[in-house]
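All chains are identified by letter, namely A, B and C, in their written order; residue positions are counted from 1 within each chain.
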Amino acid sequence: MKRIKAVMVKEFAHIRRDPASLLVVFLMPLVMMFIYGYALNFDIKEIKAGIIDYSGGDLSRSLIEKFANNRYFVIEDLAARYADPIKAGEELLKAGKLKEVIIIPADFSRRLKGGQKADLGIIIDGSDSNVANLVYQYNELIILDFLSAFQDLKELISLDTKIYFNPEVKSAFFFIPGLIAILLIMISALLTSISISREKETGTIDLVFISPLKSSEIIIGKTIPYILVSLVAGATILVFTRFWFGIPIRGSLLVLFVFSLLYVLTGLSFGILISTLAPSQKTAMFGALLATILPSVMLSGFIFPLDSLSPVLRGISHLVPATYFLKIIRGVILKGAELKHFLFEGVAMAVFSLVFITLAIAKFSRIRKKAK
Amino acid sequence: MRLFYLVKKEFIETFRQKEMLPLIFIAPILQIIILGYVVTTDIKNIPVEIINLSKNRASFEIVQRITSSPLFNVKNISNQDKDALDTLKRGRVKAVIRLQDPRPKAGKALNYPEIQVSMDGIDSNTSAIAAGYFNGIIKKYILEDLARKGRQMPVDTHTQIRFNPELKSINYMGPGIVALLLTISTVFFTSVSLVREKEQQTMDTLLISRLTPVEIYIGKAIPLAVLGLVQASLGMAVVMLWFKTPVRGNLLYLLLSALVFLPAILSYGLLISTLASTQQQALFFSWFSMITFMLLSGLFTPIENIHPAIRPLADINPVRYLIKIIREIFLKGNGVEYFYRDLLALAMIAITVITLSILNFKRFISR
Amino acid sequence: MTPPIIEIRSLTKKFGRFTAVNAISFDIQPGEILGFLGPNGAGKTTTIKMINGLLKITSGQVLIKGLDAEKHRRRIKKITGYMSQKFSLYPLLNALENIEFFGGISGLNAKQIKGKQAEIGQTVDPVILKQNVQDIPPGIRQKVALFVCLMTDPEIIFLDEPTSGVDPEVRRNFWLEIYRLKKEGKTLLVSTHNLDEVEYADRLLIIHRGNIILQGEPETLRQTHGKESIQELFIDAIRADENGQGEGA
């Protein structure tokens, strides 16, 4: 125990004498939070719809009004502006200036009033299938709303949808906690990844090898100081999240702290594992960045929902620590979830840390033996 | 021509490094295949829980339809009421659907059950789409039921989907990923190239020769550009052959755009390598740039949604223009008359970055 | 006396606050071998790099055949040759490819390049010529590097520690080659920190910590300072300079 402390003290001294990289560790995530927090947003802002009304009757005008009054739609009357509105509409779709074109035939009002079935034509830009789907759904809702003026369709089924946790449906709520997860693991892995490879590069590793310390003591002693650094970085990010982005923290800070500790440990132990494997500092850094950011961004549920992944990829996502923490952080911050809800995830992260550290110790012992 | 010999040397050096060959040829193929499957954001398999308190025949049918739909993954169906909020907090399902027998409204007896949907709104994208799917299932049921009773919906909507009729998101994302990978590997190879020269200490030999700084710059850039194009082509081949993404437009336009894009991104890579004082810095800054390029490119989230404060960053992001152009060529078959403005923006960015890069390169070599 | 082919006037190089070369001045006569001697870090490489335009001159002037080197770099490159400390061949290319590259960028045409490749084949085993430079013995590497340096038939040749890391036999052959070049009328500046090569030069320049502490013909210097050998002269001069009593040129 005393010997681990000695390693820790030395490592702390290293940290203290390198204020430049500390600054980077704190500043960089803030900068990234700022940029990406404001950049990532998939709220539908406005759906530009071009309307071609051949009918001109009061019913068609009523339908158009329903679209116009909806806060998601911005409509443009194509018949009024263009001689050949359909051609113009297709062109505007191609140019990306419209998301859809709605065509109301000449006999629309007449047929509806006469109790006959009327037709409605819609052309949607299908490039972005997600948006196209949403546009389609919104169309349906608006048309249904329009029709409820006639028939008792609304009365037929009582459908009440309540959205929890994000009533204003802002994607910041989705992304920003996610960013915290990504940044935390990136920082923690980076911090420890250069630790051993730096010693390899400067040659001081030989001194470490011949010291009376056990390999496990060395590895653990090198990891612990960075826990503090990572947690402080994490706290800074959290403060920024709460006060700059205004994301409320609905859950318990203590619970968050406990799980963050576990998560940071996985990052740190992963970093130190890389440090034992990499021959040089730059390879270590590169490896740490690559192995943390890509899977964490792609496969953890940060942007792409896990349930939509193919079974193979979903399986791989279980190997990504960020997947577990993401669930936790979204749950605790946004839903006010408690410790009991995430026992499995907590254990999973602890297991990861254990595995990484054990592998790191094993690898370190092996190269130490070879050096002798 | 002196340049010819420099370019030839660069190629020989690159291919003599055994680690490079798989990186150049195999990596892009693998990356596109994996990423292609990951970023297919077709939302499906949404986990939900159903609480059915209704004895209604309609309820039974609706529950059946939800269960058998590939869009939803019904984790649990129970007949006992429970707290939806707590279930959502646990995070195992994204929505709780509760059906109960209808209570009479304004004296009229209703035929269909009352349905309450409690939704986890955190992933606003998925929840909106889930709500849409759900509405769709209900509506379909109602229509069919009405049809059985001899009634019908007054309005028949005919919807056509342009450009991506099967609404496969790989068609939208695939071409974009190729653009992204082109960016990442180009920046990587660029930094490696300069670093190698520094480590071999052969930089001086180049400088003392009759090659001008501009010639050295171009001589290093050309092989990198060629490599980039080869990789992009491999990526395109995967997207078209493996994922069967149709190409509606002219591939020559694609080549043109790539030729404008590559100098921009190459110069950017060289600029970083010459500005950084240590290799770590160069590495770090390239990473940071690439992630920023990636997230601000319109690949994952729309450009229009980027907050005005950050907008300028997206406006000078060359990847953003390339992705837009690639998508238009692939999906819409657009010719240059549609995207000439984006091409112009790319060209302007390219010229600016190249100039800055060459100026800095000159400063870098005359210490 | 004939005008010097190279004139160095108060040449200075500062890196930030550190002065690597401190206002040194000297001349090189046409057709002579100037030995540039000094311990590591004395400023030899820095000086040679400045003369060749690889480092920016902080202050001072370099005149080559009467022309200001900085202003007429292009013309001067045509008549000078340079061999750097590490031989600077491309390790991943073989000797023949290196020759092709350097020949090509120096303006030799394809026929001339082929000629040069055949020429080196007469003194070096062709099998070795096809191996990657990083795999061939240092002695051969040095030979090829010198060959490359001479490919354009320069009038003035700068050799920065050309014999580092090669064994005495190779070193001797190297100096025979230098003499041959001198006979052809070339001017050579050779820097070294090997004391036993000191006697091969026509004139010596001893540099220490950025200053010239001794200049002149080896034998004359030895006699003037009453030393048994050049080596002793050199060691004493360095020591004296370190103790703050420069012996002046």
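In this text, a contact is a pair of C-beta atoms (placed from the backbone, for glycine too) under 8 Å apart; a residue touches a chain by one contact, two chains touch by 3 or more.
What you see is a predicted model; the values in this text were computed from it and never measured.
Undergrad: Which chains, taken as a pair, are joined by the highest number of C-beta contacts?
TA: A-B
Undergrad: Which chain has its C-alpha centroid farthest away from the centroid of subunit A?
TA: C
Undergrad: Once you find the CA centre of subunit A and the CA centre of subunit C, what distance in Å lies between them?
TA: 60
Undergrad: Taking each chain's centre as the mean position of its Cα atoms, how many Å separate subunit B from subunit C?
TA: Between these chains, centre-to-centre, one finds 56 Å.
Undergrad: Taking each chain's centre as its mean C-alpha position, how far apart are subunit A and subunit B in Å?
TA: Centre separation, subunit A to subunit B: 14 Å.
Undergrad: Mind listing the subunit C positions that touch subunit B in their complex?
TA: So the residues of subunit C in touch with subunit B come to 49, 52-56, 74, 77-78, 82, 84, 86, 88-93, 97, 100-107, 132.
Undergrad: Looking at the complex, which residues from subunit A come into contact with subunit B?
TA: That would be residues 28, 32, 35-36, 38-45, 90, 93-96, 112, 117-134, 136-137, 139-141, 143-144, 146-147, 150-151, 153, 155-167, 169-171, 173-174, 281-282, 285-286, 289, 293, 298-299, 303-305, 307-310, 312-313, 327, 330-331, 334-338, 341 of subunit A.
Undergrad: In their complex, what parts of subunit B are in touch with subunit A?
TA: Where subunit B meets subunit A, its residues are 35, 37-47, 73, 85, 88-91, 94, 102, 105, 108, 110-129, 131-132, 135-136, 138-139, 142, 152-165, 167-169, 171-172, 279-280, 283-284, 287-288, 291-292, 295-296, 300-302, 304-307, 309-310, 313-314, 327-328, 331-332, 334, 338.
Undergrad: In their shared complex, at which residues does subunit B touch subunit C?
TA: Against subunit C, subunit B makes touches at 2, 4-6, 8-9, 12-13, 16-17, 200-202, 204-205, 207-211, 366-367.
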